[in-house]
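Just passing along the structure, written as structure tokens.
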Amino acid sequence: MTLSRTAAPVAPKTRPRAHPHRAPGRRRRVLSYWPQYLAISPFYILFAVFGLAPVLFSFYLAFQRWDGIGEMQFAGLDNFKYLIKDEVFWLSLRNTLLIWVMSTVPTLCLALVLAVMLNSVKRFKAFYRMAFFIPNITSVVAISIFFGALFATNYGLVNGVLETVGLPGVAWLQSVWGIKTVIAVLTVWQWTGYNAIIYLAGLQTISTDLYEQAKVDGANAAQVFFRITLPLLRPIILFTVVISTVGGLQTFTEPKVLVGDTAGTGQSGLTMVFYFYRQAFSHNDYGYGAAIAMVVLLVVALFTILNWTLVQRGQDGENG
Amino acid sequence: MTPRRVRGLLLHVVLAGGTILALFPFYWMVVMATNTNADIYRFPPKLTFGSQLPTNLRNVFDSIDFFGSLLNTVIVATTTTLLVLFFDSLAAFAFAKFDFPGRKVLFGVLIGTFFLPVGLAIIPGFVIMVELGWVGSLKALVVPAAANAFGIFFLRQYIHNAVPDSVLDAARLDGAGFFRQYFSLIVPIVRPGLAFLGIYTFIASWNDFIWPLVVLVNPDQVTLQVALQQLNSVHGLDYSRVMTGALLSVIPLIVMFLLFARNFVSDLAMGAVGE
Amino acid sequence: MTISRRRLLQAGLFGMASAAVGVTAACGDDDSSGTTGGDSKELSLWYWSGGLSDKVVAAVSTQFPDITFKPTQVGGAFKDKLVTTITSRQFMPDITGIKGEDIAYFMGQAGQFLDLNELGAGDLKAQYLEWKWKQGSATDGKLIGFPIDIGPTALFYRADIFKKAGLPSEVADVTAAMGTWDTFFEQGVKLKAALPGTFMVGEAAEVFDMAVGQTTKRYADADKKFIGDQEHIRNAWDLAAKAVKLGISFKVQSGGQDANAAWNQGTLPAKLGAAWVALDIKSAAEKTSGKWRVAPMPSGPANQGGSFLAIPKSSGNPKKAFEIITWMLNADNQAKGYTDAALFPSAPAAYKLPALTAADEFFGGQVTIDVFGPAAAKIPVAYESQYDSVLREPFAAELSNVETKGKDPEKAWTDAVAAAKQAGERVGVS
């Protein structure tokens, strides 16, 4: 009995058939798989109704003018034409990219370092892992409120510490870079542990034989890390980079809670999704909001592909 | 001390430092929750506990329906988690161990859904809920989340890694169909994976904010996060009250996590990359 | 082969989605599915914290024992919440508050509310300030919003800090010394010199909005023409820029936590605001009770805020709702509103009542109506367009650039006007 057979009795690939017989054969095969189709259907149905339909509706809405209450009016490309001229939108794009880079790069790098460290300790393993993951369990709302207090100019703890050691306090949430920094710090705090645990899981699958062998061959720690660990972790790193991209480019709750609806000084906290929310819900310009949302989708797709290629290319480069 | 011991010690020092950074906010939240506003606004800030907790708690309970929203959150999170575990594992089983026509394509679509920015769906999603008449109801939170791509992806990997074909073949020989195999074989074996996914889903549902904010139009029936935001905006000036509320919203989850997540990492590992 | 299957799949999904879209796209302004019967025994009210006196709200049940009254304080962005609820056509309250800054917007949605004149509001018109009544009425005379309060502005200040800095601290002296924006700014410079780290102005935007409020125009006129580049706005802009230049602005967000902390610490000893700001100061800085005073606003009062109560068209019992509204907003209860929530009455009869003429110990025993009363009488009435908030946004954003990034005020002005024009075009303002 072959152990590799995972399919039901008929293996389509190994059975070439003449054309006329294919149709009934396939239909029978399809029907015989009804439990599987049933099993996977809940997801696809739910996705179609609550995932895909909204996106398609959004796409449709982007060509309309609608205030949520009255009738929809067809507006053609007006929303998009306005978008191109809209300085505030381009500002939100720049803000989003900056915040994303400022948050994601430190998070993933720290997470990797942390994972390596966690992998090396012998005692208190479970304690450390839980401790570092807990920031991720906290709701973004609670944490944003908290970080707002932490970095407050006049009474925040951070400035308190700075001034105690003789440094001047910083107007964190009243300066353009300060706001972005606080958002980045918040994100790093919340997501480093999460990513570290994922990397840790990956590290644990690397056979210690490889490390032994490397030591025998005389490799030092850095070489081991860059030549063995990193390449083997690449798929996982790719996974976290993609997730961080999709999530990071849609930052919204943190700036909204931290700096309020005006998005702070110079609108520094205005990310694309924040701007979308403002247009749709504060200005009741749902059509324009939808147009912005479409562009967000494009940007996310673009950067995801970009990241994918970068990480993959690196892999090919390594192996090549 | 040997170099190794030194390195070991250093490692612990660094990790301990990191732990302090990770957990400090919770200490600080407790400090704020036990002090008055005047103490919070002091500069340099007060770092020790006060005795205001009972007053602050009372204020929180007066301002928002804490237990009501807590109950709602528990209902939503639990129902969602159970549904997700069931639907996702069923689908994952199908994807992992059966080569049905269209499997590759369908799975590709599944992966594709990862990349859909969820923010887009808010307005249309709301409109759909209006048409369905589910606005303001907890249904609107549970049903759309009842099956997700991440869970299917993760469990598929898990089943692929953890369930040997031989076991399934033996069951098939005994005449077990798809669902029988699922209930008697798959579920027991992937229990750790289910535990991980369960915790992950529960947490995500508990912390969900924007969607409940938009769709739970009835201010008397909201989830904990929305209630917390209400507290923040109605009484935002009363920091001690808001922080107490924030702390209360965070504690149940931490407790749950500490109780159930002992094997969090190993469960995750199995799903991500196999044994 | 694979391709065709994929296309089949796509077609199937698209088909399902289109069906869903088709259903949802058909949403428009159809009749609400709420109760249209007029005699519901349960009435709900939505308002925000400080929008009405909690005591008056609580007293409704006693006053109207034949119905069940369910008031709810709705947090968050009240207008957003209300609009979302209108869109969802469910859970609309039977009575709702409408904030002063949003009344212009809801005029554009007048069809969603009942005309209070049809319920008998006309008989009460004489009891309320004329301009406020007008503000709550649509152009065709329908009364959408019943007046709650008005927001005559004044200067709140910490007498103890002023004294410490060598500034005048008695109300009469302050009135004399800070009667105009220029003299006010001068004192601000003195304050900063005497007590470094202390500022007269919270943020430039406060000066800007107040100064605009002192004129009789805003950003768009009744014919939907853009007037945001005219003298009245320009003057306000220059004043705000001057405050920045003189370095007397604290650059903290108005109403934010940092401002509250500053009130407590005494580094922000002055606040230009409407009567209802007293409530904010009292809740954020209780420990400083007795140290504040109120003086007339430099260069004259403006009106900021002041809200309304409205009856959505889906209300379950419009007659009863109207009774409740008019009871809550009669002169006596409006007086209570002043004591409890610093809501300055819109019914002049209330001004003579003891609640209004009492001394306020938070303000060191000062009788604050002596300042607010005259201010209320002199409020310049302006046409407020529903597009004002959209048009104002670029000005606020550019002002913030001037204040915190040191942008050149001239350039910022040009940019603001251009952006406002562009935003205006989008909503139909030319």
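Order as written gives the chain letters A, B and C; numbering starts at 1 within each chain.
Criterion: a residue touches a chain if its C-beta (ideal position, glycine included) is under 8 Å from a C-beta of that chain, and two chains touch if they have at least 3 such contacts.
From a predicted model like this one, the values you see are computed outputs, not experimental measurements.
Shown here, the protein chains touch in all possible pairs. Two chain pairs, A-C and B-C, are compared here, and A-C has more C-beta pairs in contact (counted per touch definition above). For this pair, subunit A with subunit B, the centres built from the Cα atoms lie 16 Å apart. Averaged C-alpha coordinates give centres for subunit B and subunit C that are 38 Å from one another. Residues of subunit A in contact with at least two other chains: 44, 49, 53, 57, 149, 154-155. Each of residues 41, 43, 101, 106, 109, 124, 127-128, 229, 232, 239 in subunit B touches at least two other chains. Multi-chain contact residues of subunit C, defined as those touching 2 or more other chains: 20, 24, 77, 84, 87, 257, 261, 265. Touching subunit B in their complex are the following residues of subunit A: 1, 3-8, 11-12, 26, 29-30, 33, 35-37, 39-40, 42-44, 46-47, 49-51, 53-55, 57-58, 61, 114, 117-118, 120-122, 124, 126, 128-143, 145-147, 149-150, 154-157, 159-160, 163-164, 189, 193, 197-198, 200-202, 204-205, 236, 242-243, 246, 249-250, 252-253, 257, 273, 276, 280, 286, 289-290, 293-294, 296-297, 300-301, 304. Taken together, the subunit B residues at the contact with subunit A in this complex read 8, 11-12, 14-15, 18-19, 21-23, 25-26, 28-29, 32, 40-45, 87-88, 90-91, 93-95, 97-101, 106, 109-110, 113-125, 127-128, 143-144, 146-149, 152, 164-166, 169, 177-179, 182, 203, 206-207, 209-210, 224-225, 228-229, 232, 239, 242-243, 246-247, 249-250, 253-254, 257-258, 261-262, 264-266, 268-269, 272-275. Taken together, the subunit C residues at the contact with subunit A in this complex read 13-14, 16-18, 20-21, 24-25, 28-29, 77, 79-80, 83-84, 86-87, 109, 112, 251-253, 256-258, 261-262, 265, 267, 390, 396-397, 400-401, 403-405, 419, 422, 426-427. By the touch rule above, subunit A contacts subunit C in their complex via residues 44, 48-49, 52-53, 56-57, 60, 68-72, 82, 85-88, 148-149, 152-155, 171, 173-176, 259-262, 265-267, 281-285, 288. On the subunit B side of its complex with subunit C, the touching residues are 37-38, 41, 43, 101-102, 104-106, 109, 124, 126-131, 133, 135-136, 213-214, 217-220, 229-239.
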